[in-house]
Amino acid sequence: MKITLNGEPYDLDQSLTIAGLLERLGMTGRPVAVEVNRQLVPRAEHDGCQLAEADEVEVVTLVGGG
Amino acid sequence: MKITLNGEPYDLDQSLTIAGLLERLGMTGRPVAVEVNRQLVPRAEHDGCQLAEADEVEVVTLVGGG
Amino acid sequence: MKITLNGEPYDLDQSLTIAGLLERLGMTGRPVAVEVNRQLVPRAEHDGCQLAEADEVEVVTLVGGG
Amino acid sequence: MKITLNGEPYDLDQSLTIAGLLERLGMTGRPVAVEVNRQLVPRAEHDGCQLAEADEVEVVTLVGGG
Amino acid sequence: MDDAPLRIGSHTFGSRLLVGTGKYASYETMQEALDVSGSECITVAVRRERLIDAEGKNLLDFIDTKRYTILPNTAGCFTADDAIRVARLGREILTQMNNPGANWVKLEVLGDTRTLLPDPIATLEATEKLVEEGFEVLVYTSDDPIVAKRLKAAGASSVMPAGSPIGSGQGILNANALKICLEYLKEDDPDYPVIIDAGVGAASDVTMAMELGADGVLLNTGIAHAADPIRMARAMKAAIEAGYDSYLSGRIPKKLYATASSPTEGVIGLSKTK
Amino acid sequence: MDDAPLRIGSHTFGSRLLVGTGKYASYETMQEALDVSGSECITVAVRRERLIDAEGKNLLDFIDTKRYTILPNTAGCFTADDAIRVARLGREILTQMNNPGANWVKLEVLGDTRTLLPDPIATLEATEKLVEEGFEVLVYTSDDPIVAKRLKAAGASSVMPAGSPIGSGQGILNANALKICLEYLKEDDPDYPVIIDAGVGAASDVTMAMELGADGVLLNTGIAHAADPIRMARAMKAAIEAGYDSYLSGRIPKKLYATASSPTEGVIGLSKTK
Amino acid sequence: MDDAPLRIGSHTFGSRLLVGTGKYASYETMQEALDVSGSECITVAVRRERLIDAEGKNLLDFIDTKRYTILPNTAGCFTADDAIRVARLGREILTQMNNPGANWVKLEVLGDTRTLLPDPIATLEATEKLVEEGFEVLVYTSDDPIVAKRLKAAGASSVMPAGSPIGSGQGILNANALKICLEYLKEDDPDYPVIIDAGVGAASDVTMAMELGADGVLLNTGIAHAADPIRMARAMKAAIEAGYDSYLSGRIPKKLYATASSPTEGVIGLSKTK
Amino acid sequence: MDDAPLRIGSHTFGSRLLVGTGKYASYETMQEALDVSGSECITVAVRRERLIDAEGKNLLDFIDTKRYTILPNTAGCFTADDAIRVARLGREILTQMNNPGANWVKLEVLGDTRTLLPDPIATLEATEKLVEEGFEVLVYTSDDPIVAKRLKAAGASSVMPAGSPIGSGQGILNANALKICLEYLKEDDPDYPVIIDAGVGAASDVTMAMELGADGVLLNTGIAHAADPIRMARAMKAAIEAGYDSYLSGRIPKKLYATASSPTEGVIGLSKTK
């Protein structure tokens, strides 16, 4: 299954939830926010939210800025 | 018949066209523009445009400005 | 004997030293400087310096300034 | 005979007047002013003024300036 | 020297000074000031005809409409709709007068009665609609560069940023902002006309505006309320020419100090200098 | 309009612009720039005659000495004595030329070779001596008001404060100081001529100087080193006229904001305004 | 002396300095600069997580989130929709972190990638929507007073006009415009917080901003890119305090010149003065 | 951070703020303002003792002469001779008081009673004589760089150029001139102390003076005549620190516009930007 992750093509051998994706990315528990197809998915829904083919996923964090 | 002329109540003993009104105002041939109920009425239509009860008429000209 | 003290005429019934004048003015021990005829007379010389007729004496202190 | 002319050593095979010097320099009639030993010598005195050994002569004119 | 005319939309003028007709002590003074200013384009307001005293003096009796291109403005409007109504009324009158100004308007949509500062949002909306109706729109705006950029994109024939608030006499308050406005409006389009409108108090304000690279200046109060409006009109005429030439001449750079104007060599034998 | 001439000592000029003759790319360019500037008074330096190449081009071959009053300067002098020597030499040459400039001098006594800023103490000393010798002294100085006051008291025919350092192109750096200079120099003597000398970079600097109430401006580098000296000369001519008229016209006061240029009454029935 | 805290929406701070976290040479330098600045509120950007090197240093490892209220910004957004998405993402992260900054946002909607100047129209649109979603909106805008007025009317918790373009170091370019902004935003509502955001280059810029009557200053580049960011952070801390006190102290009026600081009477008998 | 003390002649101070003691509404207010200002050096005038009411309040009863180094000034003098007399009188009094200020003087020789501007010629003369008599001379002067240079050459322990006229509240009117003063006074002698004296109205003036590279600021009216002198004293204390640090920190350069404070890469997938 192919999704777009932070603008890059990304392959999933199996369907995953957002929580699963973050675990696979080693980001579990990190302060990140996730958007799927331009809609924010709150942390509480990460377990329940199954990713689908061609989903556009954004995983963002806070960086230095002014 | 009562109209509003430049914001003031104005009595017409008889129904008039815009051309008639301007004549009565002594403004025939003067460089003025006329609005009836917020719609511009071009000079060419002044003869044909009959004023109606409660019409809001504006007769404007050019003045000094910056 | 007449002297000028801080620009005003001033009478001395007897000849005085600068020290004597300061005592009479109730300024003994006050932080003041004295000029006689535009010459500074240091504190150490106040006892020895006898005032003469028509001397111009200035007794000055420090005041607020910027 | 040696003089200093405009800061440079200058040889005169014979004694000259200022007028003679200017002629030799091809400056007769040119708008110039002459100083000998830091003293201005007016045009009227150029014929009469004989240059002496070691004189410091300045021949100046007008140039662009602001 | 090549003195390019000022081109705005379909209009061309020899003078780069645009002047208002308001606030003069008398029509006679206005008439003479307009003449002395050398301007070929004057702006006027649209107002209700006085119904009584209709025989009284009228601005138009004092303006040679063959000589001047009249630029009707929407002064006094605070919404896009009102400005559009006034623009149409102005066009109607100038059409009757066969004045070349019938196809354009100086658009002002103000945000506040106290300061008379422009409302960028309503101004942009009115610009779009008036351009659709075929007006050549000369739009009064603040010195905000992004607003200026969007007004040009909306089809304005000229963007006219304020140097400072109308009638304030503060001149050019933010040269930096105007430079960015000019950079935006003229990149890839160097002939796009930018007029500095409002705020001028003295001739030096006009000269400075032109030295920034503006194509012209529009002003009214600076002349009309000067103690001697006629002489100030002459001052403004010269100030426009001075600034236009100064900009084109390529000024010297600024330095902390000094380079000699007179040659440093060839000085007579001097006492030792420092 | 009454356009008073500029009077300095025994000299009277129609133009209030005084220009230098240094730093031009060619004599031909200088000649045209002087012509276009409208100036009637030009300043020159005194330097050693070139002894070789004495046939070479000479400044005087390019100056119509019937048209221009020549103002010899003491540029390059750093002591009072040297300035006095140079003043005498200049007078001698102009006397031979029968130029009206033979009775005056632009006095510069500089304090430092790097910045070319004037030395107030040596300048005052030289002024006193040259006035004694019968010179009409036009004295270049800083914008220090007390120095300006003392130079006038010493008999200077004109005090010429700098707007900014020679050739810096910074224009008027301290309008406040120049206002006090003008107040000192003109109180009880309104016709005393005050010329702003040096620092001018662009036309607006000249206009501002005149708007402060100066009687004229002297400049050189601003024209000579502009990319287009001829056009800049024209700019400076207009800038002088603009500033002179602007000062005499009585400008409007400055306000935080805005008064309407168009009438606020008589507006058509509008949507509710803010 | 009464030192009122800075109140913005539901937030209260002892320091009136808000600082950014970008452009530092190292996180360690940033950490120390934040500490020295005395600021209690720091702004951060929202960006894609680095997926490789995910173990690399992270900003949040260098910020004591118990000490600082974090203000997420929408830097890099050029449309209202994008800014809203980014605002929601920032809120989501801060909610997870239990940081008090979870309920607000520094809204930036830019009009151009080159100058990073704000787009007033898109900014107003985004403000309305984010206020509807319950955000406390601190909105970055130009110094256009009418835009500032409309942003407050749209519900912004604080309007933050720029002193000059982001990172330009130009300081306060138009004090007149900011004074009108303050007059609009604070009339009938003197406690409404106005923050000057962007353009600060040196400490004096901060002091001047506060002397205009601003409630605080937000800056980043001025500290982060100074040669010595730590010392500049200390400078900015002092500059805020200086400007706040100076504004409240009621400064003396400006005069052309001089009144004596020392008494004029009681001077000793002097030589005749002038 | 290294905070170098201020060294002037034989004196060393932790604070770079020097304050006057004149023009306060009451001695009590003065006392508190001096305390809050953090200054360690205060200047006083020399005047005739009041002969009647000799028991009245005296300045010295309100000054802790153990805490403050007193700097006697020659305010009110218009000739070199008078200034020298007053300097000697001040020294005599401070000698009696065993105050470290007995060996120095703030020299003011004024050129005019109305503007209180310094007379450069008389000031230079008095400086030479007082230095001969062993005084450490801190000399008040205008911002004329050549005069500043000559005063240092005459042996002044510190040259103190005015930012603007005494009590005018105009702040720094000519930063360009002060930069040249600093260049002259500090070249080959970077530790030579330069104090900006007079003209300060608000805290930002002090910060700007320090950002030019001055070693300290002397002021009086700005605090004494503020509506709240105590708070203004605190403002000035912070302003000195802000300006000192800001100068040493190496500020960012000024640009026409903008560089991003937040990273431009890593932005989420956005709508197409302009």
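Chains here go by letter, A, B, C, D, E, F, G and H, matching the order in which they are written, and residues are numbered from 1 within each.
As a working rule, contacts are C-beta pairs under 8 Å (C-beta built on N, C-alpha and C of every residue); 3 or more make two chains touch, one makes a residue touch a chain.
From a predicted model like this one, the values you see are computed outputs, not experimental measurements.
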If each hop has to land on a touching chain, what is the smallest number of hops from chain A to chain H? 1
Treat touching chains as neighbours: how many steps, at the fewest, connect chain B to chain F? 1
Going by more than half of the contact pairs matching by residue number, which of D-F, B-E or B-F reproduces the interface of A-H? B-F
Length of the line joining the C-alpha centres of chain A and chain C, rounded to whole Å: 93
Please compute the C-alpha centroid of chain B, do the same for chain C, then give the distance between them in whole Å. 95
Quick one: report the Å distance separating chain C from chain F, using the average Cα coordinate of each chain. 55
In whole angstrom, how far does the Cα centroid of chain B sit from the Cα centroid of chain H? 73
In chain A, residues with contacts to at least two other chains: 6-7, 35, 38, 58, 60, 63-66
Going by the touch rule set out above, which residues of chain G reach two or more other chains? 20, 22-23, 45-48, 73, 75, 85, 89, 111-112, 115, 117, 165-166, 168, 170, 176, 180, 220-221, 224, 256-257, 261-263, 266, 268
Let me know each pair of chains that touch one another. A-G, A-H, B-E, B-F, C-G, C-H, D-E, D-F, E-F, E-G, E-H, F-G, F-H, G-H
Along chain H, where are the residues that touch chain F in the complex? 111-112, 115, 117-121, 124, 142-147, 149-150, 164-165, 168, 170, 173-174, 176-177, 180, 184
Using the touch rule from the top, collect the residues of chain B that touch chain F in their complex. 7, 35, 38, 56, 58, 60, 63-66
Going by the contact rule set out above, which residues of chain G touch chain H in the complex? 1, 20, 22-23, 45-48, 50, 73, 75-79, 81-82, 85-86, 89, 111-117, 165-170, 201-204, 206-208, 211, 220-222, 224-232, 234-236, 238-239, 241-246, 248-268, 270-271, 273-274
If we count contacts the way the header does, which residues on chain H are in touch with chain E in the complex? 176, 179-180, 256-257
Touching residues of chain F toward chain D in the complex: what are they? 19-24, 27, 30, 43-49, 51, 54-55, 58-60, 70, 72-73, 75, 85, 88-90, 92-93, 95-97, 166, 218-221, 224
